[in-house]
Every structure is written in structure tokens, then in C-alpha cells.
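Here is the structure we will look at, set down as C-alpha cells.
Chain naming follows the written order as A, B and C, and within any one chain the residues start at number 1.
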Amino acid sequence: MSETGPPPRAIPRESLASRLIQAVAGLLDRPMAWIQRAVGGRGMAYVFLAPNILFFGLFVFLPIGINMAMSLTGGTNLFLSERPFVGTDHYRSLMQCGSYLDPASCREDHFWKGVSNTLKFTLFQMVAMVGTALVTALVLNRKIRGRGFFRAVYFFPVLLSPVVVALIWKWILQRDGLLNGAITLVGGEKILFFVEPGWAMFWAVFVSVWAHMGFYTLILLAGLQAIPADLYEAAEMDGTKPMRVLTRITLPLLWPNLVVVLVLVLIKAVQTFDEVFVLTGGGPGTATLMVVQYIYETAFANQVQNFGLAAAASMLLGAVLFALTMLQLWIARRKAA
Amino acid sequence: MAGLVLKGIAKSFGPVEVLRGIDLEVANGEFVVFVGPSGCGKSTLLRVIAGLEEVTSGTILIDGQDVTAERAAERGLAMVFQSYALYPHMSVYRNIAFALENMRLPREEIEARVRRAATMLRLTDYLDRKPGALSGGQRQRVAIGRAVVRDPKIFLFDEPLSNLDAELRVATRKELAGLHAEIGGTMIYVTHDQVEAMTLANRIVVLNKGRIEQVGTPLELYNRPANLFVAGFIGSPRMNLISGRVGPDGHFEMPGGALAQSGPFLPAGLAPGAEITLGIRPEHVLPAGGEAPDAILTVDLVEQLGSESYLYGTLPGGAALTLRSPLEDPARRGESLPVRFERHRLHVFDAAGLALRP
Amino acid sequence: MSRVNTSRALLLLRQARRPGRLGWTDILAYGYLALGVVLMFGPVLWLVLSSLKTPAALLEFPPSFLPLTQKTISVPGHAQPLELHRVRLPDGSVKELAQVRRIGIQATMIDPASPGGPVIRVPIEAREPVREVAFAWSNYTEPLKQFAFGRYFANSLVVTIVATLITLLINSMAAYALAIYEFRGRNAALLMVIGTLMIPITIVLVPVFLVVTQLGLNNSLWAVILPGAATPTGVFLLRQYMLTLPRDLIEAARMDKASEWQIYSRIVMPLTLPALAVLAIFSIMWRWNEFLWPLAVLTKSEVYTLQIGLNAFQGELQTQWHYLLAMTVMTLAPVALVFVFLQRFITTGIANTGMK
């Protein structure tokens, strides 16, 4: 190497994002070094954890306690100190029913209508969602030309906001919309989709499947692609028929993923609100009113804001979600084992 | 003055005792190698010295100061990791400079030090590159450069050559020896490879099951192993070890009969009837030639290496014996070969495995 | 005999399934995919086309596919441009005429080529409007002027960016603590993070509203930004990634006298960039599309985010679909752009993490 030549450049080149992080982090070097001297190297773990835990505490754990307290107090005031204790009144009025099979016979008929609608919605949606996602994943797992394109086609509605999704379909399904146009074109009669309860529920399920099916397809597709190719080759060597390959190899091996997807769909479906709310507004009447919409309206949208009743209803919903999540974790553990 | 003193170091991970009472002094400028089979605690001992693991009990002194409670960053040591642990997102320059930047040295000082280290390690042309764009040997040199530039009190090496191929390992070994001669720092080096230990060390520390078996210069360990473990561990192929007992008139008796037909065989002063293990290195077993043989070896296998050959065979009692021959083609499989043991090269170990020195 | 037949049939089947040829299952598969393209893309395409139609064209039934408008023509002697129609004349010939006026089922037309010529009266069934493709860009420009659409857009932008930055910072710090350190209470902290997975905002709507009110954040963008900033999914995603970083790197940095903050910011963060990018994209998606919580907490229209604004419009503008559709397209456009550029990245990210 020549001694007289210019010294080689030694300016480190790093990605812009990395340099940005470092520049910002550099500002905190000294304060953080000072904190480390105060709490010691090991204590820094708590310092790093603190902001997140503070947020969790403030917006998740504290609210659970408040929710409990709210559900046991009455009045229309938001602040707990101004609310009289009413015991389990809210829970009792939620549960007060002539017959649980008939929402109209309940004191909080909208709550029970919401429960029954949510159950219906969840059931239909689970079958439709997992069914279409599975079929789509199986099709996409074949040797398809342009698989990336088709995968993207099925996936992109996942990114759309629920409001946008609902408005897109509302526009298509309205009285003089594209679908009714097509129906009259083939000689049918216009259908008022949002006036007939059955159709409204159908489209609520359809639109939510349309919007989210791509996500579950991706998960199932990843599961399918994790099945070793040599299993299929071995089956082919054995002369196995395609249908048998599907039922004896593909589906059993995909089963764990399928169960995960089922539970995920379930957990999401129970909380359904936004697409349906924008699409039908819960109507016609209360035909597509969901539990979450009931909670939202009881607390925020009704003339009299009944925070206590809403809190009690959300405690009940929370109990259901807790049970479902436990189920999910249990399945995840069994899958890992 | 001792640069590093370890007093009664013990370390447990839960119920597992990894180090049990290690005492050691390392002088300034010394090159000490920790060697032992995997799981012997050598890497843990190095990490304890580095401050990356806390001791369960015991004291660590560096330059006379108790550093037991200090964290790694405060001890002023540098370490070369087995994986090199180069920061993949930083250039070679930034990798070497990182510690100096953390010490808040002035920019010119950092630049000068990095250049000096880079020149010494022939890295000047690669300062702009990321570690991913370097060969194994170059990465190794960056890792060393990162240690050198710090001017640390002690260099710690954790199996630094194990990720290199055989040829590069030999070359880098020589470079490390040269580096030690050049900068003269205290170095502590962990390896499971006894050739590295023998060639690099001023002193070798043999560890087994969390204890020090023997400390000494390479030749001390080779010529005067303190116990069966060291005898078996140092030297390749390993020392022949034959168990038996001391016979009357200094013969060695093993299950298939006695070694040597004429004259006393074992060193004087051994109690007759005592259970012992006899040790002899393969190069100290010779074909008897014209002389009276000590035993007849049945040859099972011949390895011809060109410059020398190894014979693997069985003694009449069934004990295995290896011998090294300078000849290209000393014997055939199945042949019976009269052999002779060099008397002054015999090692004798008592029933507890400790060397018996006359 | 029959055995020969089956083997021949099998042979045929094999031939049909040779690479390069399509079997019936392949045809079925491509058919399904084609249907999928129509069903998934069609509605969005329809939205975009409709958003470019004039109010008059939107009222048409059955609707036309492309945005069409009545073609008009200026005829000397008439102040206003006249509608152009294709007219079937009594003699059977077809001619393009301009309509002067229409009374009942009678239309009065003149030939634009001879403005001074005689007027022609035709029954309205005999004429058909001449139309041309025209995009009603005013659907897009008017809402920006008339309504606070720009404001909502800016609010959404602020919420998305600030919330994402906060999420990345605090989630990565927590993930770092949980991935790198052994400390008392680590398992408790991990359990806490798992616990929050079970508590979506839907079930703590009221109390979070109370907390936000107590903090004095009502009707400020912070009320939307802060509650969702710490996400359990983010902590998990980043922690999983950080666990794969070699421990040696962190120890080497510690030997290199780096402080714990420096190890986090100089070593771990840059090496976690891929996972951070995935979380950033998810956070952007969540925040841009968030609906229920902003709907509950934002009551003043100055602080509406885009989604809430759009929902409010759909209540107010039932009769003005042309604006509503255009605003829907504008709300969807940023997400669509992000998707076009990062499609592969997003889909593999989801497939690998299983989160949304």
C-alpha cells in the first residue's frame, strides 16, 4: 500500500432510517447515562419497560377497575365520585327477560336483540369466512400463474377502512345501485336490501367476509406452504387420488392453522361493529344491531347517556372475550406442544 | 506483579455447579490459555473474568483492585467473541471506533487509533465495508482490531479460531502469536484445541468439571502431566494408558501377563501389589529391533501419513496400544510386532489418578 | 378388457395433467380466481367510476358503466347550449339533432348544421341522447372547498404519524427490556402484556373515556393518539425479533463500554429495523382506519379524523352521493398507494406474524 496516497475515506455509510434513529437517540445519551448511574445497569430494564406499562395501566388496567365500578353505580354523571352506588341493578336489568329466546320480552330488548344478532352474525360469518378463505388458500396453493397478483387481489380490502368498505357496498346495494341495475337487466324486481331484515343481515355478513377474508387466506396459505412438498410427492408415488390427498394429507396437516383461524374469526366477529354500523346503521329497525353498537349507543349516542348500563354490558362482553381468548391460548399451547 | 488474580471463584447456574473454587494468578504480559473438554467451564470462567457473568462466590482482582462487583463495561477489558460479534449494521471503521466513541474520546484521537489498529491488522482497505462483505479471516481481524484499539488491561479470547477453516486457523494462530509479541498485552485465551494451546501459550490452564487440573508451561504439561486427565488430554494421538498392578521385583502386571521379561521395568520405589495405571506416549513406544522386547503387539490398524505412521494394536492381555513410527511402512495388519518402551518416559499414576513421581 | 380401458383413461388423465396443459381442475381454479378478481376489484372500480359522474348521471337507472354526460352543442340563435340527440325520423333515417325544448311527449329539435332551417317535432321515444365520457372532477375539488375535508385529512395524518412514532418508541423499549434482560418481575410483565391482548377497546370504551376526560384530553387529537399507543402485538412482534439477535452482540457492546441506552439505540434498534418496519405499517393501517374509539371520543367536528368525518358526511349528504363517493376515494387512496408499493412486504409480514 502506498504511504503517500490520500488516506482512504472512512466515513461510515448507513441507512437513512438507522442514522435518524441514532441522531434522535444521541440526544438522550446523557440523560439516560445519568439515569443508569442512578438505578444501575440492571435497573434499566424497568426504565425501558416503564412507558409501555404506564400506558397499559392508564388505558387498559385502570379502565377495567373503573368499568367494574361504573357498572355498579348509576346516574348520568361520568365521574365516579358523583355516581350513586346501585349494586347489581344494571346487571339485573340486562338479565331481566320474560324468555331469553325472545328479545322483545326483555327489559333491555335492544341488548338481547344485539346478543341474538351477534350470535347469528358470528355463526354465519364463521362458516362463510373460513369456508371461502380455505377454498381461496387451496386454489392459491396450486401451481398458479401470477399467484402474487391473485393473492394481492384477495388481500387488498383488508387494508381498507371499515367506513370505506361500508360506503362502497352501500353504493352498490342502494335502491338504484349497480346490483339492482343488474337485477332489472335480467328481468327481476328491484330489491330494497336495507329494508328487508334478512337481506340486511346477509349483506352485513357478506361485506365483512369480503373485507377480511384475505387476511385469513394469507394465514392458511402460509400454513399450506409449510406442508413439506415431499409428502405430496410421496403421495403421488403411491398413486393417491387428488381428493384423498386433500382429505388425508392437506386438511389434517392444516388443521392446527384452521383452528387458529376459526378462533380468531370468532373473537373478531363477537366484537363486530364498524362495517355493519356504517352499512346498515343497525337497521332496518334493530335487525342488524350488534352488542358493541348497543354499548356505544347506550353510553354515547342516546339522549340519556347511561354509562353504568353500558359498562355492565361491556363487562359481560368482556367475560365472553376472556373465555374465547383463553380458548385461543390453550389451542396455541397445544399446537406448540 | 500479577495482572489478574482469581480467588476461590465458584459459579452455579441454579443447581448446576459450573466452576468450583478456581484459584489462579496471571502475570502482566502473559499469554494464558484455558483448555479443556466442552462443558469443563472454561468459557464460563472467561465470561466471569469479563464481567458478563456474576460469580456465586470468590474474588477477582485486576491490577490489585477488587473488580468482583463491577460490570463488564467498567473493568477495562476487551473480548474477542467466538462469533466475532461484529455489529452487522456498522462499517468496519464504526465497529472498531464504537468503544472509543462510547468513551467519548476526541474525534482525532479515535481516528488515529482506528488507523493504527487497521494498519497493524491490514484492514485499511476495508474500513468502509460492512462485516457482511468480509471474508472469515478479515472478520476475525476486525474483531481483534476492536479489542486492540481499546488498549485494554487484559485481552480475552473465546475460541476465536473455531469458525475458520483449517488452513486459515493455522495462519491466524501465527498472527496471534505475532500480535502478542508485538503489543505485549496480557492475554487470556479459551480453546478446546490443544494444538492452539500448545503453540500459543506461555502457560496452559487445564480445566475439567469446573476445576483446574494443572497449570504449567506447554512442555511441563506434556512431559510431566500431574494426573491421568491431563495425561490423556494433552498430546495427540493420546497417551497409552494401561491399568494393572505393581508386580514383585518392579514388573508391571496386567491381565494378560507381565510387561518385560527381563530386568526391573517400573521406576523404583513403588509398593508391590499397588493398583496403578501406566502411561506412555505413542512416540515413546519403539519397535524392539534387535533388543529384548517388552511386549509383543498384534497390529490391528496402520495409518500411513507419509512423514510418519501410527500403529494401533493390542497387547496380549487385550490392552490397546498406539505407537508412532518414523517409517512409511513399518508393519502390516495382523502382524506381531515386538516393541520396547522407553524407560525414562514412563508415567505412573496411582489408583486416584495422580502422577507418582519417584 | 375393462382394465385396459381404465389404464387408458388414466393415461389420458396423466397427459391432460402434463405441465403446460390445463386439466379441468386448473380451469376451475382459474375460473374461481377470475371471479375473485371481479368480486374484489369490481366494487372499488365501480366506486372510482361513480365518483367521477355528475349528480345527474348518478341518478340514472339502470346506471351506466362509464361516467357519461349529455353532449351539448351551441347553436347560433340560442343563448344556452342545446342537448344533442340522435333522432329516428319518420322516414326511417337517423340524424343528430339539437333539442330546443320539450313539452310533454313532444320534443322540438333543429338541425345544428342548418340553424336557420325548419324546426322538427318528434315524439320523445324517437330520440336518444348523445352522450360522451366526461369526468366530473368538481366532485373532488368541491368537497375540499365546501367541507372541512382537508381538515379531517390533516387530523388523520397527524394522528397516524404521531401515534405510530410513539408506538414504535415505547413498544420497542418494552420489547428490548423483555428480550434482553433477566429481571425480577419479567414474567409478571410478560403476563401483563398477554393480558392486554384480551382487552380490546370495545370493552373498556366508557372507562377509557373517563380517563381521557380526567386527563383533560377530550376533543383533542391526543385523546385518539394515546390510548392505543402501547400495543401488545407490537411488543410481542419486536420481542420475538430481538430474541433472535445474537447475545454476543449485546455483550460485545457492553464490553465496548456502551450504556444500556446506547445498546438499545445503537445496536438493537438498527438491527430490529425489519420488524420495526412491519409494526410501522400495521400501526399506520390501524390508525388511519380506526373508527369506534374516535367516534366515541371526538364530538367536535374540528378534531374529526377522516373516518369520522366521512361517516358524518354519509349522514348529512344522503342526497349528495357525488361528493360522498369522491371523498371515499380520497380516503382510500393513501392506503391503496401504500399497498401498491409495499404489497409483498405487507403480505409476507402478515403471513409471518399472523397479526393484523
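Just so it is clear, a residue touches a chain if its C-beta (ideal position, glycine included) is under 8 Å from a C-beta of that chain, and two chains touch if they have at least 3 such contacts.
Quantities reported herein were computed from a predicted structural model and do not represent experimental measurements.
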{"item": "Taking each chain's C-alpha mean as its centre, the one farthest from chain A", "value": "B"}
{"item": "Chain occupying the middle, per Cα centroid", "value": "A"}
{"item": "Among all chain pairs, the one with the most C-beta contacts", "value": "A-C"}
{"item": "Computed distance of Cα centres, chain C from chain B, in Å", "value": "66"}
{"item": "Chain A and chain C, separation of their C-alpha mean positions in angstrom", "value": "17"}
{"item": "Centre distance in Å when chain A and chain B are each reduced to the mean of their C-alpha atoms", "value": "59"}
{"item": "Residues within chain A bordering two or more other chains", "value": "14-15, 18, 41"}
{"item": "Two or more partner chains touched - positions in chain B", "value": "71, 73, 89"}
{"item": "Two or more partner chains touched - positions in chain C", "value": "259, 262, 266, 270"}
{"item": "Residues of chain C touching chain A in the complex", "value": "25-26, 29-30, 32-33, 36-37, 39-41, 43-44, 46-47, 50, 59, 61-63, 169-171, 173-174, 176-178, 180-181, 183, 185-186, 189, 192-194, 196-200, 202-211, 213-214, 226-230, 235, 259-262, 264-266, 269-270, 273, 285, 288-289, 291-292, 295-296, 307, 310-311, 314, 321, 324-325, 328, 331-332, 335-336, 338-339, 343-344, 346-347, 350-352, 354, 356"}
{"item": "Residue ranges of chain C in contact with chain B within the complex", "value": "246, 248-249, 251-259, 262, 266-267, 270-271"}
{"item": "Residue ranges of chain B touching chain C (in the complex, touch as defined)", "value": "50, 52, 71-73, 77-79, 81-89, 98-99, 102-103, 146, 150"}
{"item": "Contacting residues of chain A [partner chain C, same complex]", "value": "14-15, 17-18, 21-22, 25-26, 28-29, 32-33, 35-36, 41-42, 44-46, 48-49, 51-53, 55-56, 58-67, 70, 78-80, 135-136, 139, 142, 144, 148, 150-164, 167-172, 176-178, 180-182, 184-185, 210, 214-215, 218-219, 221-222, 242, 260, 271, 273-274, 278, 292, 295-296, 299-300, 307, 310-311, 314-315, 317-318, 321-322, 325, 329"}
